[in-house]
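So, here's a batch of structures to check.
Two complexes, one shared chain (subunit A), two partners (subunit B, subunit C).
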Partner chain A sequence: MSLRPSPLKAALLAHLWLFFLFLYLPIAMLVVYSFNDNAVSMMTWNGFTFDWYWRVLANIGLISPSSDLAGSGNLQLYSDPNLGPAALNSVIVALGSASLATVIGTLSALGLARCTFPGKLTYRTALYLPIVIPDIVLGIALLVFLAALSFPLGRVSVILAHTVFLASYVTVVVGARLAGMNTALEEASADLGASPWITFWRVTFPQLVPGIVGGFLLSVVISFDDLVIAYFTSGVGATTLPVYLFGAIKRNVSPEINAISVLMMLLSMVIVALALWLRRPTRA
Partner chain B sequence: MTSASPPPIPRRPLLRPGMGKLAPGFFLFLCLFLAPVLIVVVYSLLTRGTYGGVVWHLDLDSYARVLGLPNEDELRDWDFVYLGIFAKSAMIAAATAGLTLLMAFPAAWYIARQPDRRKFMLLTLVTLPFFVNALVRVYAWMLILRADGLINNLLMASGLIDQPLHLIYTPGAVVVAMVYQYLPFMVLPLFASLEKMDLRLLEASRDLGASGSTTFRRVVLPLAMPGIVAGMVLVFVPAFGNFLAPTLIGGAKDLQLGPLLAQAFLSARDWPFGSAIATLLSAVVLLCLFVMARSEGRQAKEVV
Partner chain C sequence: MRRLRHLAAASLTAMAIAAGLPSAPASAAQELHLYNWTIYIDPAVVDDFQKESGIKVTLDNYGTNEEMLAKVQAGADGYDIVFPSVFMQDIMSQLNLLGNPGLKDLDGYNNLDQKYFIAKSDPQHEICLPYNWGTTGLIYNKALTKGQAVDSWKVIFEPPEALRGKIAVLDDVRETIGAALVYNGFSFNSTDPKELAKARDTIAKAKPYWAAMLTDGIGDKVINGDFAVAQWWSGSAAQTVASKPDAVGYVIPKEGANGFQEQMCMLAKAPNVASAKAFFSYMMRPDVAAKNTNWLHGGTTNKAALTMVNPALRSDPNLYPSDEVRQRLHLVQDLGDKIRLYDAVWTKIKAE
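Entry: the complex of A and B
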């Protein structure tokens, strides 16, 4: 690309470095300071420790707070009975809503791609609304709606609330995959005498699998990430991890919150990396 | 709001084979999106009940309150506090969108001129932080901006200041946290329109004697406009109604729409008033999206 001489290019490259520094430095800082052995002044480096992670894991119940760990000082006098249930709620809500949304969204994408009907464009546009409407408006609307129906707030209400916007999201992801698919294979299958049912399962579905799995994984991450909608629809008993964390942060910052944040980040990153790898461009 | 039910057309059957697949999604959309949103619009026209909830008495007083109109029955004088919150939220969101554009444009330009593999890799790097929990990202900025946070620690240690700067709980802190949060929303549409740009047009402009800045103003900007508009809208919209950043690092005096809405529903329990704000917020959002769609449509026409 013969664009313009190198000073501009050098400036652009320098800008890109600063840009990525801005994007990744806060995250890196959070990770580094989550190992800081300073319970009083969190942002003053005092030495390396795993204590905050042991605490969090012991609170979730993944490890037992054994005596050899308790000797290390920071581990004493700490138990938070709300963290474990909140983590469990988040997992249940994420898996439940992502599964429902994947089924419903995939069916919608197939219906939209393979049928024509009046008002289709309007409907397709309307399906974007649950994604683009501010999450606080959706959360409030669902709160008001569930209250009007006297529907009890709990895990079920959060799962339903998440399913609404995740289904739209899956519809878009799977729809994009469908749009890039070659219909000649389906036509060939039909010409060779396969029933529509066989054609779907043998030809269409295998090609769709990466889109469907990718949509599911991204849905899990987005559900796991959501604070605002769960904040309004979870009620008292079904606090999810972000809602728990939000309450904890509002009270005060603490080294345990750092550790929980890093663990949540790690989980999201692993799932997203998997999803991106599945959706990577395969054709040259 | 758009109605999804198709108008009846004679001769052709309304339900075609395969449309059954749309039923679950349509049902979900109708029951858990359209109905709740319409209820909010209806509630905004009702009257507040004595113990929260609503009374079925139609009036526009909630909107009058938002707009600051006086009401003699309620002993209320002119009061523009809520319009002020709207204006402040809009200004903070606009500042966020503008700053995001300035940061994202050169980066998107550079990425768009890379070979395909590097493009994909760089775009992945841009998107990846977006999937870090939004709460965690705001929290990271709390640790950076606090009185005993990273910036103040570094500045104090280097001897540049001897009193911690007041960084957190300011509108500036909210803007920085939201720029951080929404950068990918700006980079992706900008990249899409910059990648399509025909670089020969730039060369032609230069050959015809235009200066660098003229070329940028008269050729690059118009061609990038759909991406710029889309990016600005995609950042402005979630920033306008943002709840997290203003709640955690915004000042108590600078109330913004998101926290105001939460207050109206959770602590004040004034549902008609909260519904009126939510309805107005949604109207602004839809207007922005409409502008974006029109800008893209116009561009498509001009290319043809």
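Entry: the complex of A and C
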């Protein structure tokens, strides 16, 4: 084996590095600018400060706005008190709807893979509808539906609305995982006398976990990103971050958004770390 | 037997969830739900109202009139007060979406200045409170435009050599086509196909010299020098100018401009009518109106508040134009079906 990589390998390595740079350099800049002490011109470096983070924490109510940390500096003037709560709403909605959707979607996928029932083909086709329908159609339809039921609009309505289309995504992801799974293990478990309940939890579920976790994470991302459906189905006090930013960019967005983005990133890293830890190989 | 137990457990859980879900807030404290444009009311003004009256206020946001109309029309209730533009107030009145708080009987009604833009359906300001007005003019980078004349739409539609490629225009059908119409001496709300064709040609000729057509992030880019001149709304522009007065400036072009005005209206289905009326009275107070205007950097419609408005804003002829300039401001009117003419022009412009 040669010690120097061949030209082809070197080119591939270079491409890989460029790709990662392209992907992560903007994020790195975001992190850097979140410590920038310049409230007026985000791009010019003025000095290092934690002030933006204290403002965000004050705006979402974790520290008192009058405490020394949050009140210091002139950044208070440029802080937007609605950004933090909107981001918090987005996180709650994303986690809530993703959890619900994962449960419903997994059950759906299992049912489609393991059972036969009348209307199965129709159900399978209808499953793809929420993925294919344009967001705005779904958003207005859901709003009209909720209004007809006199369901009070708020954060719960957004969570339910998101669950509607996220469940389809999860069903597809988990269904793909199920399709690739070997049923021999399940049959063996049944042959050895385990009830369907035990077979599911001890044999099927552990094999499905990567698909379920993948579906959950996908749902979180899609829900967080969603603008149109969240706009139409949100109610009082439930403005999510994309909805807020959509209006805010026409005016001036406070540089606080950098600090919020970094905090979001940390949160998602924590979630992924948790998911990986749950999937760690345990002693059989 | 086991199956029955599972069934019982499942149905109990379902009932518990159903019972817990739609819970109408039966709180004793009064509430008020505002539905406003983003960054369009001073948070301190809202906080002061909460402290004074004890009414809990929530603030939600939308980005355009049409979004708000779509949501309210489709049945979203829970909001008490919305902030439509003048022409949108007329539309909503026709659709019976607005409630009448009877402003004439509330304190402070006489503080309102009658000379600002008036909604056709509400000439006496009895249903909606004129909230804030402004103009769509030009924000410019002082260093890059040194020695150039920026007080005319000419800098957008026939830019000088030095500024080509550094012009930004709003990505908005009415604003951009309207500016071209005004530049050619026509009305901002013209529906004459010949005039629209001329406007389309003006835009097509100027488009190669434009850097961008956009509605977001304009302030930063003018400060940075990415744009030398940009079409923008006076409030946002004034806020940007106030943060860096020696770098940027705002001007109303001399041919005329779009004058916009937002009204504060109560919805017909508002759940908290008493709180809404209290808020209307509060906003008509001169000190509150002045505080809000100083934050918005817009134009106040409250004549008693004028003395309390920040003198730097009050004396700026571009924020509080003289009567003579005001004659050249056109209020955006709803065009009904004729908007199709504008759409056709817009599609052509965007496609080339």
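A few points about this structure:
Just so it is clear, the second predicted complex is superposed on the first by the 187 of 284 C-alpha atoms of A that agree within 3 Å, B and C clash if a C-alpha of one lies under 4 Å from a C-alpha of the other, contacts with A are read in each partner's own complex, and residues count from 1 in each chain.
The rule is simple: contacts are C-beta pairs under 8 Å (C-beta built on N, C-alpha and C of every residue); 3 or more make two chains touch, one makes a residue touch a chain.
Not measured: the values here are computed from a predicted model.
Using the contact criterion defined above for the overlaid structures, shared-chain residue A:G61 touches neither subunit B nor subunit C, since it reaches no partner. When both complexes are overlaid on chain A, the residue A:L30 reaches subunit B alone and has no touch with subunit C.
By the document's definition of touching, both partners, subunit B and subunit C, reach A:F232.
In the overlay built on the shared chain, the residue A:G180 is in contact with neither subunit B nor subunit C. In the superposition on chain A, contact is made by A:F246 with both subunit B and subunit C. More residues of subunit A lie in touch with B than with the remaining chain of the pair subunit B and subunit C.
Residue contacts after overlaying the shared chain place A:V144 against subunit B and subunit C alike. In the superposed model, A:M42 lies in contact with both subunit B and subunit C.
Looking at the shared chain after the overlay, A:L153 reaches subunit C, while subunit B stays out of its contact range. By the touch criterion defined above, A:L16 lies against subunit B but remains apart from subunit C after alignment on the C-alpha atoms of chain A. Shared contact residues of subunit A, touching subunit B in one structure and subunit C in the other: 41-43, 140, 143-144, 147-148, 231-232, 246, 249-250, 253.
Within the complex formed with subunit A, the residues of subunit B that make contact are 2-7, 9, 14, 16-22, 24-26, 28-29, 32-33, 35-37, 39-40, 43, 53, 103-104, 106-107, 109-111, 113, 120, 122, 124-126, 128-129, 131-137, 139-144, 146, 148-150, 153, 180, 183, 199, 202, 212, 237-238, 240-244, 247-248, 258, 261-262, 265-266, 271, 274-275, 278, 281-282, 285, 289.
Considering their complex, residues 39-43, 78, 80-82, 140, 143-144, 146-148, 151-154, 156, 231-232, 234-239, 243-244, 246-253 of subunit A touch subunit C.
Subunit C meets subunit A in the complex at residues 21-24, 33, 37-40, 43, 58-64, 67, 70-71, 74-79, 215-217, 219-220, 223-224, 235-236, 239-240, 243-244. Put simply, subunit A touches subunit B in their complex at residues 1, 3-4, 11-13, 15-16, 19-20, 22-24, 26-27, 29-30, 33, 41-44, 103-105, 107-108, 110-112, 114-120, 122-123, 125-127, 129-130, 132-138, 140-145, 147-148, 160-161, 163-164, 167-168, 171, 221, 224-225, 227-228, 231-232, 242, 245-246, 249-250, 253, 257-258, 261, 264-265, 268-269, 272, 276, 280-281.
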